[in-house]
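Provided herewith is a single structure, encoded as structure tokens, for subsequent inquiry.
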């Protein structure tokens, strides 16, 4: 059962944050194996929660990055949300600092690996530009 | 070997963020079993990283909260950083929204338990006021 | 924005699985701090996913228990889902065996602590009966 | 010290669940660096726990999958147990639904990555057929 | 099916490491809900792995402590293995240093909480003496 | 603000443990994206904590390996610390046994994957020799 209002709102925000990149790619790849998962991500994740206004999108993306670095084994999502943070004009320094801060809370291995991965994501973006 | 400059800067920020509350309590309780850990937390955590300017303190505290909720089993730190976030004028709604956002990334059990704990921390503050 | 169909379906399943117990208690306690989280849990968790028919409710509850034991620091949810498993006629032996199996995959500390907690939940139920 | 009874029972179940595939491959690769680990996995994991009858093998495999998705960084085991689940006639839909359910408990990144990996395992099987 | 040789060896080592304390208490409490788990812990954990000679017992206990601190939510096991480390004459300073080292790898919250818990375990021992 | 004493001590220990290998490689790769992270790792990690004498370097490296195996998703660090353990004359058997021991506490998937990775690291070293 799809809620069109949430779905349209979510699709628009998904495009703004991840347009043409990793986030949308993940969503599309899920479509034929788990279509309900796609509608959940778009309706709930983007149409509902991400669309709340108590946090601006920059802060929200940095908090998501902190959660992903803490978990580990989340490279596709980390790429998607570093890109999303940049798409809403978060400075690279803020992303770097968020990862550095996480070293104190989640340990250096998680943070070092995420930092080197962010460096690669930045380099990929520079190469495309 | 203590670095006085970092230590003084760190102590001042520790007091501003956690003055008289859980953060300082943890630090003091550590003093007689692991004094090096105390100087590390004050010099490195507060005197160095937390003192960088690429993230404002509100955003920094929300990212720390996102990391702590994701890890689980971090109640003393979660209390200390909810208090710290409030001490630098973060609205309660932003803390609630950060925890809610984390549900999507770290799962509902972590986020639900953190939300109920935040409710308790808010109530404790209201009772003292 | 609430979806009444999903909400009603979810509320009915919530009552069937957790009626009067820990699950509903958590949901109610969340109501005044994070009402959106409540509607998400009821609409999405119970009205949508839990209501899919590709897994029967017993298997679903045992998989949830395996995930919760693996995570650690999820006692309120573990209690709620042990009760829910029993409410849909899962034998206690199947719950015990699920926790034992998890020892191989998530290690003995997680599984031992969950086993002793399950023993307590069973004893609490026997005492009420 | 090897227990032949458990070892033979375990070897038979290992072959039934993982015959010719990832599970056996992992076990064989361990043989020259950690032979005791191999006998533990076969005697304890397969000859003892997996051989208990309080859970049928389908439910057992789905619970293992839920635990592995929750942990993250377990791709070789996830492949082995998706194959094992299929080898005891678990429908693909039940595996997909187990992973989807886990999104609520362990978060979407773990579940999305596992879902895309399951899609790949299914495709690999289809290609061999 | 019990292997008496491993069981007797394991029981003796269990008593040496955890005699009269938390370790044995956990094992006994498991007996009526999951007797197979008890024989596994005694035969496999203590009769087999812990009995290998490639690591001395002090180093082994410190590695177990490092793993438990990293996981979080393992207080009963952490108490049992701090006691076991002391029972094989590990100096308190070595336990404190192991927890401090873990802060770099698993983050400060895990390590700080474990350090304060170790302080409590040491105090409990001093009070009994 | 750099502390030269700690930095020089740390650099010397870094070279002794990881000279020319993975550890130093990670540190160098971090230099242009997060120079503060490099000075933290060298000053704090190696110049301070690793330089304490309450644990010998062999035991320290084995405890770090136990923590890394427990966390998962830490292959670059696991390689660096297996090499470091060998550089301070830890026998391969002690590394293998530490990983095997961790299976009981962090589960078999983490430990099996780490064991196969250690086998690869040993083989890479043999090939260079």
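As written, the chain order gives the labels A, B, C, D, E and F, with residue 1 at the start of each chain.
In the analysis below, contacts are C-beta pairs under 8 Å (C-beta built on N, C-alpha and C of every residue); 3 or more make two chains touch, one makes a residue touch a chain.
Please read all numbers here as calculations on a predicted model, not as lab measurements.
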item: Farthest-lying chain, centroid of Cα atoms versus that of subunit B; value: D
item: Between the pairs B-E and A-E, the one where more C-beta pairs touch; value: B-E
item: Size of the rotation, in steps of 5 degrees, that lays the CA trace of subunit A over subunit F; value: 120
item: Where subunit A and subunit D are represented by their mean Cα positions, the distance between them in whole Å; value: 30
item: Rounded Å distance between subunit A and subunit B, as computed from the means of their C-alpha atoms; value: 24
item: Numbers and ranges of subunit F residues touching at least 2 other chains; value: 36, 40, 44-45, 49, 52, 68, 71-73, 77, 96, 100, 103-110
item: Complex contacts: residues of subunit D adjacent to subunit C; value: 44-45, 49-50, 52, 54-55, 58-60, 62-71, 77, 91, 93-94, 96-98, 100-106
item: For the subunit D and subunit E complex, residues of the former touching the latter; value: 1, 3, 5-6, 36, 40, 44, 48-49, 52
item: List of subunit A residues in touch with subunit D within their complex; value: 26, 29-30, 32-34, 36-37, 40-41, 45, 68, 71-74, 76-77
item: Subunit B to subunit D touching residues, read off their complex; value: 103-109
item: Residues of subunit D touching subunit A in the complex; value: 72-73, 96, 99-100, 103, 107-113, 115-116, 118-119, 122
